Structures are given as C-alpha cells and as structure tokens.
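Next come two complexes built around subunit A: one with subunit B, the other with subunit C.
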Partner chain A sequence: MPTFVRRRIVSSAIPLVVVVLGVFCLARLTGDPAKLYLPLSATPEMRTEFLARNGFDRPVLSQLLDYLGNVFTFDFGESLRTGQSAAGMALRAFPATLQLAGTTMLLAIVGAIVIGSWAAYRPNSVADRIASLLSMTAGSMPDFWFAIMGVLIFAVTLGWLPTSGVVGGPEVWVLPVITLLIRPFGVLVQVVRGSMVTALSAPYVKVARSKGASEPRVVFGHALRNAAPPVLTVAGDLTVGLVNGAVVVETIFGWPGIGKLMIDSILQRDFAVLQAAVLVTAVTIFALNILIDLCHALLDARVRQVVPA
Partner chain B sequence: MTVTVDDHVTGQGDPAPAGEPRSVHRARWWRLLLRDPAATVAALVLLGVFLASTLGRVLIGDMDTEQNLRAVNTPPLHFENGWQFVLGSDALGRSVLARLIVAGGTTLSVAIPAVLISLVVGGAWGMWAGYHRGWRENVSMRIADIILSFPSLLLAVVVLYIFSPRVANIVLILSIARIPVYLRTARAESAELRSRLFVDAARTFGTKSGAIIVRHVTPVVAPTLLTVATLDFCFVMLSESSLSFLGIGIQAPDVSWGLMVAQGRQYLQSAWWTAVFPGLAIVITTVSATVLAAWFRLATDPAQRWRLALPRGRRGTRSALQEVHQ
Partner chain C sequence: MSSTSTVALDVEGLSVDIRTPAGTARAVDGVGFSVRSGQTLALLGESGCGKSMTAQAIVGLLDPVAHVSDGAVRLDGTDLLTLDRAARRRLAGPGISIVFQDALTALNPVQTVGAQLAEPFRIHRGLSRRAARKRAMELMERVGIPDAGARMSAYPHQFSGGMRQRLLIAMAVALDPSVLLADEPTTALDVTIQSQIMELLRELRAERDMAVVLITHDLAVVAEQADHVVVMYAGRVVEAGPVKEVFAEPRHPYTKGLLESMPERVGRGTGLQSIKGSPPDLHSIPGGCVYQDRCPMVRDRCRTERPRLTVVDAEAGSDHSAACHFSEELAHA
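And then the complex of A and B:
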C-alpha cells in the first residue's frame, strides 16, 4: 500500500510540475513580460522600470530559480487592480468555489446512483428510456445558456430566485448548483446505468437473491460495490472538468470564486493573480487525483498490489 | 502481394464482403440511416446547419450587419419590417436570423478544423504508439495524462491571455486539448490489433511498420475514431461557445453563437429572443451530433448492426440513444 501511494503521488505530480514550468515558459518565451504584467496603457518608462525591478533583465536560468522559489513560498507578487497579494486573493476566492463544486458533485453522485440504478434495475423500461434521453440532453447542453434561461424564467419572469450574488438564504444556491450539476449528472447517470446493468446480471447477484437477501441489499450492497470503480473514475474526471463549468457559472452568477477571479484577471490583464489562481487550481486537482486513487485502492484490493512492469 | 491479407482486413472492420460493388455498399449505408428516424433527423439537421452557414451565408449578403433603426428589438414572428425579422431583431435593429447564420459559420469554422486536427494527429500518434508499444507507448500515454488532467478551459484561458484570441489560436488550443482522447482510443485499439493474424502475416511478408499502420491498422480503427470525433464535435463546439461567451474566444465584430448569447444577455428583460435563439441553435446542433454518433457507433459495429436492421417495433425507439458518453 505505501508503495502504491508513493507511485501515484509521483505520477500525479508530473502534471503539476508541467503546469508550474509551463506558466514560467509562456510568460518568458512570448517576448516582453512587461506586456503580460502591465496594462496596455503603460508608458515605456514604466516598462523599463518594471523589468529592472522584477529582475526580468537577468539571465533566464536565474529567473527560473527565482520563480521556483516564489512558487514554493507562494509569492506571486501583487495584483495590479487591488494592490493586494495575488496569492492571498486566490486563497480567499478558493473556499467559495470549493463549496459550490463540493455541493454539486455530492448531489450529482447521489442523484446519479439513485436514478442510474433505477434505470438499470429494469433495462428497457419506460424509466430507463426517460433517464437515457434526459441524461443525453443534459450532456450536450451549453451550461452558460442553461444558466441564462434559468435566470430568465425563475428570476426575471417569475421572480422566485435572485439573478445573482451570494448574500441570502439557500435560494442563492439553487441556480448555480443546478447549472453546474446538469453536465456531470447527465454523464454519471449513463455510467452508473451501464455499470449497474453489468453488475446486476452477474452470478453473485443470483446467489445473493437465492440466499434470501432483500432487494435493496442486493442492489446497493452487492451490485453497487462492484459497479463503483468505473463510476469513481468518471466522477473524478468530471470533478476536474467541473473547473470549466465553475468559470462559467461564477461569472454569470457573480459568485466570488476562483473561476470568476481568473476571468476578471484576464479581462483586466492582471497576470500575477491569474498565475496564482491557476496554480491553486492545479494543486487542488493534484490532491483530488491522489484522493481518487486512494478510493480505488480501498474499493478494490487488486489495485493495491503493485504489479511489476 | 498483400491482396489476400488486405481483403482479410476489410472483412474485420467493414461490412461489405470483398468484391461487393461500391454502390451497393453505399446504398446499404443509406438504408441503415433511414431505418433510424432519430438518426435521419439528426443528419438532416446537421446538413441544414452546414448548408445555412455556407450557402446561406452567400445568399444573405451583408444583411447581418445592416442596421434598421426603425425595427429595433422586433419580437419574433413580426413581419412589418420584412421577412428577415422572422426571429426578431437585436438592439441595433439587425436581423437575428442573419446573425445566426453568420455566427453558425464562425462556430463551424472553429469546430470542424479543431476536430479534424485532433482526429488526424491524435489518431496517427495513438496508432503509432500502440503498434510499437514500449517506451513510445509509455511516453505518449504520460503526455496524454498530463493534458487530460488539466481542465481544457483553464488551458485555453492561460494561452488566450498570452496570445491574441484569434480563430487560429482557438482552433489550435482546442485541438491540443482534445488530442489525448483520440490518442488513447487509437492506442488501445492498435495495441490489440498488432497481435492479430493479418498484421502478423503482413509483417512476415516484410511490410514496413509504417505501411502496416496505414494499410492494415487504420481501416479497423477508423470507425471507432470517427464515432469519437462526432461526439467530440459537441465538446469542441460547447468549449468554443463558452470561451466566446466569457469574452476570451471569438471577438466582436466577428460573431459566434456563444458570443451572441453573451450579447443578448444584457437585453434579457427587453429582448429575450436575442439570447434564446443562439443557445437553441447550439443545443439542436450538439444533440443532433450526439444522436448521429450513437447511430454511427451501432452501424459500424458488426456485432451491433443487426439492431438497426430489425423492424422498428421490436427494437424500440432507443437504438440511437444508448451508450452515449462512454
């Protein structure tokens, strides 16, 4: 088990290193870093002063060492907009995104297990067909449009829910969570259904039934545990992809999370903040990948054993 | 020399027995398509979108930029100012229909090249990696893992910050983000194929590995890759729309469906149609591509094709809706 964990940490760390180095390379190799960091209206004097102050006139290698040092001490400089530390801004925005994404994934997984198992319990039934059709449409829905339609119907026309913002009771959560939910939910229902159809037709299910286990116990105790690994893999990928949705949803609903921070810093050319936000996201994804691998190992003993290559 | 081997390959991935005339073969495909009403409608919709954004683009001239200030915010189905306002007009009095047609062209001109580039590059790379195994396979898979473990929108966000958001850059970044999908699929199939008898036979005859990949591996892998590409078309289209909606994709004065939704969003209370119709266009196109991909998966799989040949009542209406999204 420790060998397995160590291996997974090393292989998940590679993308993280690539992201860290990639940001550095992109910022240096495209020419003038002042163009990236300073607003478009900056004067030539401001540029030279900026380059000298930040050491951009030194050799690339020593710049790289400086940059890596800054990454490890989590120092990305100051935001051009607010003058606050970029890392601080990213970390303050982070919990809002985490709450939103966590709630969404929890609802998506629980919902998909219930609906998917229900559809798989009687393949080809009406329930199964409706679930397939709905989940397919959900998977091909543009989330930004879905959000705007939600605002149009429930906020503008009916006035039941607020158009945006985070201040208020549970009603501010409804539209953001549902918008973020549709895509992962649609995909997960399909995966749970497929996986459960296979599991429910396995011989051990027949054995469990003939020894007199109750139907819920057969479905959720025996079949679900064996159907879980593929669902877990896809759920992990979807959680990584949730960042895509979070950027859109946070922008539309004015949710003060990391996705909105990224878009704002792009539109206002604030590279230090963008860099900090991207790295916070990359570290989260790194941690998430390890967590998923550990869950796999807990569910399936075969994964734990390290097979010699 | 490889003729016999070749026929064997065709038999693996292709429904037509060797020697069957091509026209018969093609007619069979049409029949399979017409058998599935959902897939037929989907194909017609996609054809319609394609024709509208190519032929239709020529027909409407510069109607999309023409402002008619007397017809500002015309609701849909009001014809006082002319037929071009059948889907309403925006705050500058431009025809929503004409703008939809032009925007569709932009969206397709991003989505189609991006899908083709990632299909060709990822497919070729994957077959090469899977055929050779060893370090080539390992390195390729690690690269795919790295790209996939990073959200595509984030990648696009960083790159489009540094480079200007032109169509060429958007195409490039979207195709790089999607290459791993084809790379993985092609690698898995070609790694399995390399141990098959017909590949062995070709190798025994002394065929070079490049030629084996082109002549013997590609025809078998191609249907799967094309199915993935059809599904991926949706993903790329949605990504481009999201980027344009967020203001870092297609830039005004160009227009794409995503950008139209973003522009219409400000007028949600006074002119809902400027945001609703472009979004509907996206949904209709992506759902059609998904349905067609599902049909294509069945039609190209010899073990599943019988489902399409059954009379409708017996196989139900769900034939095309199964096993979408993996």
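And then the complex of A and C:
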C-alpha cells in the first residue's frame, strides 16, 4: 500500500477511535447504564439482573476490553424494542441513507460542474452573475425549512408527491433528494466556479488553445482536472454532512435510514441500537475520507509523491 | 539573407486595446513587420512595451481584457484576423504556434508529458492514441530529452526547468508550423541552459524552415540569434531593420540608448533598465513622439507631431527604418 494511503488511514482513524471511546464513556457517564438501556418501567430486580448480565458491575478496564471486543466483532447486543441484533438493524437501515446521500451528491456534483464551469467560462458575464446569485441563495438555505415547505406545498396542498416513505415509485425520491440537494449544490457551484476561473486563466490553458484544442477539450480536458481538488474536498465534507444530517430529513420524510433509526432509538431509549448506528456512521465517514484521498491521488501525481514527514 | 525564401508572417498596423478600470488603453499601436521562412526576427523592448500582447494577438490568444482593434496578420498570405474561430483553430499548431516564457505553468501539471506532447497529433492528425504516442516520443528524443521512452509517463514537475522548456518547444514544433513565436523562452533559466535552448531553436528553425519571432529583452540574444530586429517602445515600433545595420548604426535615440547601455563585453541576461526614466503610462501616452520624456534629443516638434516609421536611407535599398523626426542626425554618429 502506498505510503500516503497508510499515513492517511492512520490520521483518519483518530476521530474514529474518539467516537468509539466516546460511545463507551457516554453509556457510563450518565450514571446508571441500566437507566439508559432499560425502559422507565423496569423494576429494581430487572436492573440488577441487567447490570450483572452486561458486566456493568465489573471493573471499568475489563468492561472497556469487552466493549472493544464487541466493537470489533460488531456486536452491540439486542434492541430493546425489537429484540433483534442492534448491529443488524443499523446495517439494514444504512443502505437507505447511503442511497439518498449518494443520489443527492451525484446530482449535486454533476450539476455543479456544468453550471459552475459555465459561469466560470465568462467571469462577470450576466450568466455568471445569475448563477452566482442563485447558488449563493441555495447554499445558504436551511434544508429543514425547505423540507417542511416542500411537504406542505407539494404533498399536503397540491397532493402531487407522497409525504413520506420509500414504498412506491421514483416519486418518493423527489422531495427528499431536492431538499438535500439544494444546499450542497449551491455550495458546490461556487466552489467549481472559483476553482475553474483560476484554472481557466492558467498558462497551460493558453498552451492547450495554441495547440488548436477545441473549447470543450480545453474546459473539460485541461482545466477541470486541475480545478477538481477543492471541489472534491468540499464534496467530501458535504457528503459527511449529509450522512450526519440525515436525522432531520429522514424524520421529516419518514425515510427508513440510519438517521430515522437514531431518532427512534433515542426517543425509545434503545441505547444498543443508537450505539450501533453511531458507529456505523463513524466508520462510513472514515471510509469516505480515505476514498476522497485516493481520488486526490488519482487526479494529481504530485499528491502521490511521498513527502518526507 | 536569402530573399528567395517567402514571407511566412506579415503583420500590418496591428493595434491592441485593453480595458482596465482606468479606461481603455492602447497597448499595441500600429505594429508591423514581416518574417521570411527560415529566418528569425527579434522583438526587442523593455518590460511592458507590448511584446507579449503583440505575440498573443498574432496567435489569437489574448486575455479577455484585450482585443485587436485594427490591423492584419497574414500567415502565408491569409489574414488570420478575418478567419472564424474554427478556421483559426485548424491553423493553431500546423500553421503557427507559440512557446511561452514560464515552462512550469505552461505545462499542465496533472497530465503526463507524453499525453501533452501527443495532443497536437491527436487534435490535428486524428492519430490513434498509440500512433500519437509514438510521434510524441520521437519528438521528445528530437528536442534532446534523454530516456524519452521511460519519461513519457512522467509529469512536468519531475523535469528540470531546461527540460520543461524543451518539452514546450517540442509541443510547439510538433506539426511543423510555418511560423513559431517564442516569448522570452529562456528568461527563467540559467545561462548555460539558455544557450542550449537557443541552439535548439536555431537547429529546429533551420531543419524545418520555420519563420521564428523571438521575443526578448536581451541584446546579446538578438545579436547572435536574429536576422531582423523590431524595437518596440510603449506599444509602438520605434526602429526596425536587419540586426547588423540596426546595431551598427541605430537611427532612433531609444535604440542608441539601449546599445550604449550594453556592457563592453556582451554578456547574456543584460537587462534594458539602464536608460534614465521609465516608459509612459499607457493611459497617458503623450501626443507626438512616445519617447519624448526620455529623449536626449527632444525638441518642440517632438511634442506635437507623431514621427512615422520611415526608411532611413532610401538609396541603400535596405528596409532599416526608424520613427524619429531627427533620425538622420544619428547617421554616421
């Protein structure tokens, strides 16, 4: 494995370790873990039995070792609500979130590249000003507000689109995707535009034109790849934001993903499931960061060069 | 000087305007010259006098703030300025091409040099990736890059400054253009490398019978490299002619000043900073002669009447010309 990948894995793993330990502490810092895990109606006997069964009465260090063992085997015990394995529930909910985030980001990135490049091609033209104004507005729109307005107008008042759920045709995707799309799209258009303005004014662009390259070849063959790194970085952060922020949109639209699972487990004090959901999310974000770095390295040979630490 | 060779590039009355926050300014004003195949014309002048603007106007690569407001640029008889974009693109490479000053930024940092060298063949000859790659490799060998086969898949940052300049030159001559412009191709390089690059340009010019326009502010380079010289000042041509004649007997006070500021022993990298004062601001070019504020010979007439570029000695049959009312006073000086 190339050195830069190894180095990056190590540095991205730090936040992951923090989350893992954080979850462990959280379960214990709040005082009585039995209160956290068991329903409010639990009897004192049930609590003692629960503490003993889960080893909460043992020394903290051995609890930590057990917990780490569980993390590595991805075993968080059973859900209070369903009795199913908590890890299984988290893993089953996760694809729905990933699909939603993936579709959204794909549309946002492709759209932003087209609009952003178009605006950057003639900086300060009327087209550029319009694109900048609209993307700035979109980039600062709170998504929950848009989600609620969307449901009110298109689902409740007009009845054109379903309010929630993933059962049904492609129309169930419309409102959640648009809601999630608006802000990342706005932000990305601005990043693409800025980055492309710089790239298009670089001398190598002139050289490409001096070789008789067509304008699409100049823009997409030469400039875009040079403009890509900041876009990639911001798109990565936005994707992380989408996965983290899935809670709001999934709740509003009843989308059965990890965000909704988290909210449901919090509301129903289903701590084992919450724990599994948090860790699945953390691992995904870790993997995403590595993926972004690999993309950076693919795009630019200078990144691949091993810089002595 | 072979007068048998044909005129490859003929520039006439070329003017370029730039839009700045302070208003429109004329950066290039009525510049004209012509270059024959197999010969080198040097465009000489201080920084900011409009050499690069002239070159970029000729190849049609001006920045959006600048545009050609007048003139003609004839390449093998065809006026490039009357062609549409597609027709100009077809000539970019096989007809006319340019080498830029800073080879690091002129090469695309994220593409292999092999891909960049192959690009002219892909665009104009429609060669397959493989065939274009082969041509690119031959080209790399031709410009003297050792181990070309292995270095095809290297990136620009893995080459030295001199090698990068060789790559740029290779790209520019890939399709045997009739005219090659070189905009200060060696300023960023050290002295030994500079002469190697100049040598390479000379060889390529001879072997491909190209007309070369060499932009420089180095008098020594002009002396050893060029057949003709065009001296520019504040966007205008102030003197032009065969290098030997112009250097032996400059007929414009500016050229004379430049030559006098050159050290006894001609060394490379001699800047043109030694004349007192500085060129006028483009937004407030004085009426009359552009050089009046720095000219030791200035008179009243210079402030009111613009001197035209005229042949200095009509009987001599040479095209040595100067734009000075009193140029005959410099004869045999």
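Please note the rule applied: the second predicted complex is superposed on the first by the 306 of 309 C-alpha atoms of A that agree within 3 Å, B and C clash if a C-alpha of one lies under 4 Å from a C-alpha of the other, contacts with A are read in each partner's own complex, and residues count from 1 in each chain.
Just so we're on the same page, a residue touches a chain if its C-beta (ideal position, glycine included) is under 8 Å from a C-beta of that chain, and two chains touch if they have at least 3 such contacts.
It should be emphasised that the depicted structure is a prediction, and the values quoted were computed from it without experimental measurement.
Taken together through their common subunit A, the two structures put subunit B and subunit C side by side without a clash. In the superposed model, A:Ser214 lies in contact with subunit C only, and not with subunit B.
The partner of subunit A that touches more of its residues, comparing subunit B with subunit C, is B. In the superposition on chain A, A:Ser132 makes contact with subunit B only, not with subunit C. With subunit A as the corner point and C-alpha centres for all three chains, the angle toward subunit B and subunit C works out to 80 degrees, nearest 10. Once the two complexes are overlaid on the shared chain, A:Arg7 sits clear of subunit B and of subunit C alike. When the two complexes are overlaid on their common chain A, residue A:Leu152 makes contact with subunit B while staying clear of subunit C. Residue contacts after overlaying the shared chain place A:Asn244 against subunit B, while subunit C stays out of touching range. Once chain A of one complex is fitted onto chain A of the other, the partner contacts of A:Pro142 are limited to subunit B, with no touch recorded for subunit C. Between subunit B and subunit C, the smallest C-alpha to C-alpha distance in the superposed model amounts to 9 Å. Annotation: subunit A has no residue touching subunit B in one complex and subunit C in the other.
Within the complex formed with subunit A, the subunit B residues making contact are 142, 145-146, 148-154, 157-163, 234, 238-239, 241-242, 245-248, 258, 261-262, 265, 268-269, 272, 275-276, 278-279, 282-283, 286-287, 289-291, 316-318, 321-326. By the touch criterion stated above, subunit C contacts subunit A in their complex at residues 56, 59, 61, 63-64, 89-94, 97-98, 100, 102, 105-111, 119-120, 123-124, 155, 157, 168, 171-172, 174. Taken in their complex, subunit A has these residues touching subunit C: 122, 201-204, 206-214, 217, 222, 225-226, 299-302. Of all residues in subunit A, only 11-12, 14-15, 18-19, 22-23, 26-27, 30, 36, 124, 129, 132-133, 135-137, 139-145, 148-149, 151-152, 156, 186-187, 190-191, 194, 234, 237, 240-241, 243-244, 247-248, 251, 262-263, 266-267, 269, 271, 274, 278, 281-282, 285, 289 touch subunit B in the complex they form.
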